[in-house]
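Next come two complexes, and both contain chain A; in the first it sits with chain B, in the second with chain C.
Then we have the complex of A and B:
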């Protein structure tokens, strides 16, 4: 027991002394989660403002209220006065400015990224068909969205004009609506939260790093330097060494879980019961699978330098194709196959299901069976091939 | 004499660089791995596979099935199937076996989406609304008083492959990542690691011209940058069928310039760190931060403004943006490109010279 404690404390002290390890293992998952939630989680919608130029003919006094420029300007004025105004900033030409000059200037601003869209309203008589030009910048996502939003507003206007013209009554129009499906049946979980969806993925990512990077790096480094060989010349047994390092990995992983959960709770207002027995089971299972995979890598790649490269080459596809950060069902071909045989895909499905965040698209049997195959396969291969001192390096 | 020294040093440094497995992985293989992962994820937007729409006709449905099918069939990016119950449709959506569900009711169309399809939903929603608009026009014989014409700003892109901007932007971004991996660590390696190991001290004892050595060092990273660039271009063509309208006259020089710019950034790191391990770690952390905030994998436009401001200070953002222009993914703004690149290059060369002059070869 004393030997296990010594090995455990040795790794813990080493880790605490190394500020870069602390960054990669404890802080980086939080940064990754924050970036992904900010980009995909709709947490920053309030920061988005579409800057739109409206190039319309001069509205003169006495102009008929039902002329297109007046109607369109009225609609945009009403948007500016409504709660939706925070989404838009409209730019119109100055009184003494010519229309063509204004258009030219605004198109330049669109190209330089100062506008998301330029809407050109031509001068035509009421009742005639009008072609509104929407200038957008296809390489900018915000510009594409702004074009979609303005198109929707114009479609709505079309319907209103048809009603005003007596072509159709409001009741006759086809009512169009959209909604998001409820993901879980429980009322408390009726609203989907991307941050909650992400938390199990980030936890699993941390475990994968613990098993495939930290564990593998520590053993391969000590193995290559012949330290393990010298250790095992003392009364220290391999099992004690392994238990000590495993204890350290478990402590590190527990710290990661607490940090990830705490961060998401404070900043993204998540509500997850992470102490559910099923979730705790999946976390332990994931950690064991990751460590088994680590042993497998150490068995087949003996050279320290190669081990580092191979672990990196394994971690990224496993994480991104495992659906840890976003769902991967739209993949096709070989990449889809790589996702389907990836144990992380089943583990993260199981974890989300256990927390009541998202019902697993794969069956419970597969969620246990596929990672278990990887785990036992790794253990069997490792039991034949793994060596604490490969090639007699000293 | 100096030329001979330069050539010999270039050869030795290049071979030693290419022999390093980690280097090969980070410069050549990692961008390829990311290309396969993110290319596959984003290619879902390129309409190579039709999105699956489920249609549920309720008992009160008033819209003619033929008209609905006609409109959907005109939209080639959609395939559809009828389902017998709403619950079955929602279950299929939840299991990612369909992209959207259309419920046809009494003079109504309701579209349902899966909120977990973060990447796909905005485009799906637009498709849904264009279907609804078209049905309204045909079914109710509405007049389209206001017609909209979308005009994209002039772009040099002539890439024949279909694809969303995010998908196409990925490839120049990955080439930029290859340049960054190739250039960022070199100054740290030579002026801190070599110094720590006493290599520079031994070289100082030899009759070697320092300028020839520094030039050789810069040149030695170019084969890896070029190899990385070709691998991405070939793999993107083979795997995703993407080809770019590359301005080769700008592209080839930019591969060199981009690598030197990243070396300059590495030189900046060297000025703040004394130990090789700390400098390598700091470079790795900065590279990771740059990857996320330079818009290579994810659009940065949705990040809060302070993160967007941060991205403007990252050289990888400028490298990726410049390569997007040169490869025809976005509009080529030659003057801005020249100004930006020229500025970054001058600063980088000054930083490399400062580090080369400041570093003592003899002190350990």
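Then we have the complex of A and C:
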């Protein structure tokens, strides 16, 4: 126990005496968060696709071109064919599927965050007053924006009809009413800010730096310089050394959490229940995954000079494609694949979900399973390849 | 030799790295309370041997006896009794002298007080200094201090004075002699023959993974059968002049810069040499006369210098 304590104290002292380490591990995450909030605050879901379900009556053969279902479908079809199609993805009911069944399914998807909006077109004759219904999620900014966009489109449609027909009074135009749908999580909150969205990401980013940069670079440097070899010429066991350094990383990570939360609370007025057991679980899980990844890197990169480069090349893509700072569930192509195999993506989704600020776009099972595969994979590979000794022998 | 007088003994020790046989079945023992030296050039297998005995490398074959007890490898129990100074000693940044001593003392069940060690290595005025700010000699004394922190029965010092200036080297020799006076067994590796001669009670000369000679420094030199060495610069000697010289002095040794002639009767040999140089009109520069040393023993045995 004395050896573990002294290894812990040695790393703590070394860290506190190194201005570079203090800046990158404790101050930089706060600066990064501040910059991101100042630049992107309030624009949490910018540049994404609006996933909209259109629940309209069956369009039958012989139906008049000026029937409302045909007009509205034509409008959305023309949007899909236009340059603006990248902003929208419309979902329509399949053949042989009942309208009520489709509506029910799509409402569930809206609740779980898979849709931003559900638009219901009633079955009415031309000339009758039409009441479109929009289902949206008040907790999701993207859903609210989608509702505004659709309302604008309908207003534009009204104006076109008005111009074309001339004789239709304003009362006979299409009206839109909105209905709000609560998200599935009963404890979920509304009115969350970008800062609140960002806090779990910044915490995870700090853990990633602790796990990869500090852990990998520190041990790699000590290994290459023969410092670990000298330690292991004493009765000190590798497990004692590892426990000491792990204790230091846990303390550092806890300090990072307190600082990030305190900073965000004071300057961005956040309100997050960070002591929720689920959130604490995700934090510990994230830290273990980060350290396991660190061991994996240490095992495969033997050259001390390469370690820094490889670490940086891993940390930043993992952070940005892991959705730590921005929502990445709407990415497409190879980048989407890179995000989907990234353990950080699932960890940050799980953390946000555990805080009840943002429903996870991925399931709980995936949020645990994917990082766990990375963790166990790293541990297995490390157990074969890792060596404390620069010469390769332990 | 009675078993209870041996600190460490190895029998037919072997270690290979791929196809390279670093240690090729060597055997020796270290007597308690003595300074034992493994002397040899770089790459002879000294560090591999000492690292097996420190528990940092595993042997491929052979037997190790640690204070009379046969052990498969040096493990935690034996490490409690061992003090180690590695060939290259680096330390983490931003750690003070007293802090690193305290940290190392926590690795052992029993340890001496850090203030006693600081006093022993004469770093009292540097105890609050960062290790990185110490001079090379001070860092090496600290390394000895770390090797002594557990009051070990045996100390392994792997090339302890490499890279030190002559003054720091002599200071460290004094410290090593003090360890012997305090009853410690010291296992030293070096490629400095002067160091081996001054410090060792017993020397094993190692080359290419094998022991090629052993004995006390005095005995090894005596066995050489030469009383004096005439040394002079090779500069100015043509190949034909060297050939002629070799015919006159068959025991001539030539290195890159020097020619050494091993003689018993110094005055007559010196007169003959000067006469020969006058006849051949060859200039003899930097003429020195010295007693034979362990380097000469090594050259005699292998035909090459320790630093070749």
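Observations on the structure shown:
One rule holds in what follows: the second predicted complex is superposed on the first by the 241 of 394 C-alpha atoms of A that agree within 3 Å, B and C clash if a C-alpha of one lies under 4 Å from a C-alpha of the other, contacts with A are read in each partner's own complex, and residues count from 1 in each chain.
The rule is short, and it goes like this: a residue touches a chain if its C-beta (ideal position, glycine included) is under 8 Å from a C-beta of that chain, and two chains touch if they have at least 3 such contacts.
What you see is a predicted model; the values in this text were computed from it and never measured.
Once the two complexes are overlaid on the shared chain, A:135 sits against chain B while remaining clear of chain C.
Touched residues of chain A were counted for both chain B and chain C, and B has more of them.
By the touch criterion defined above, A:144 lies against chain B but remains apart from chain C after alignment on the C-alpha atoms of chain A. Contact with neither chain B nor chain C is seen for A:365 once the two complexes are overlaid on the shared chain.
Judged by the touch definition given at the top, the superposed model places A:266 against neither chain B nor chain C. When both complexes are overlaid on chain A, the residue A:233 reaches chain C alone and has no touch with chain B.
Listed in rising order, the residues of chain B touching chain A in the complex are 21-22, 24-25, 29-30, 33-34, 36-38, 40-41, 44, 49, 63, 90, 93-96, 101, 107-120, 122, 125-126, 128-129, 132-133, 135-136, 139-155, 165-166, 169, 277-278, 281, 285, 288-289, 292-293, 298-299, 301-305, 307, 324, 329-331, 333.
Residues of chain A that touch chain B in their complex: 20, 23, 28, 31-32, 35-36, 38-40, 44, 47-48, 68, 107, 110-111, 127, 129-142, 144-145, 147-148, 150-152, 154-155, 157-159, 161-162, 165, 167-168, 172-183, 192, 194, 197, 305-306, 308-309, 312-313, 316-317, 320-321, 326-333, 335-336, 358-359, 361.
Chain C makes touch with chain A in their complex at residues 54-58, 76-77, 79-80, 82, 84, 86, 88-95, 99, 102-104, 106-109, 146, 150. Against chain C, in their complex, chain A makes its touches with residues 2-3, 5-7, 9-10, 13-14, 17-18, 222, 225-227, 229-237, 389, 391, 393.
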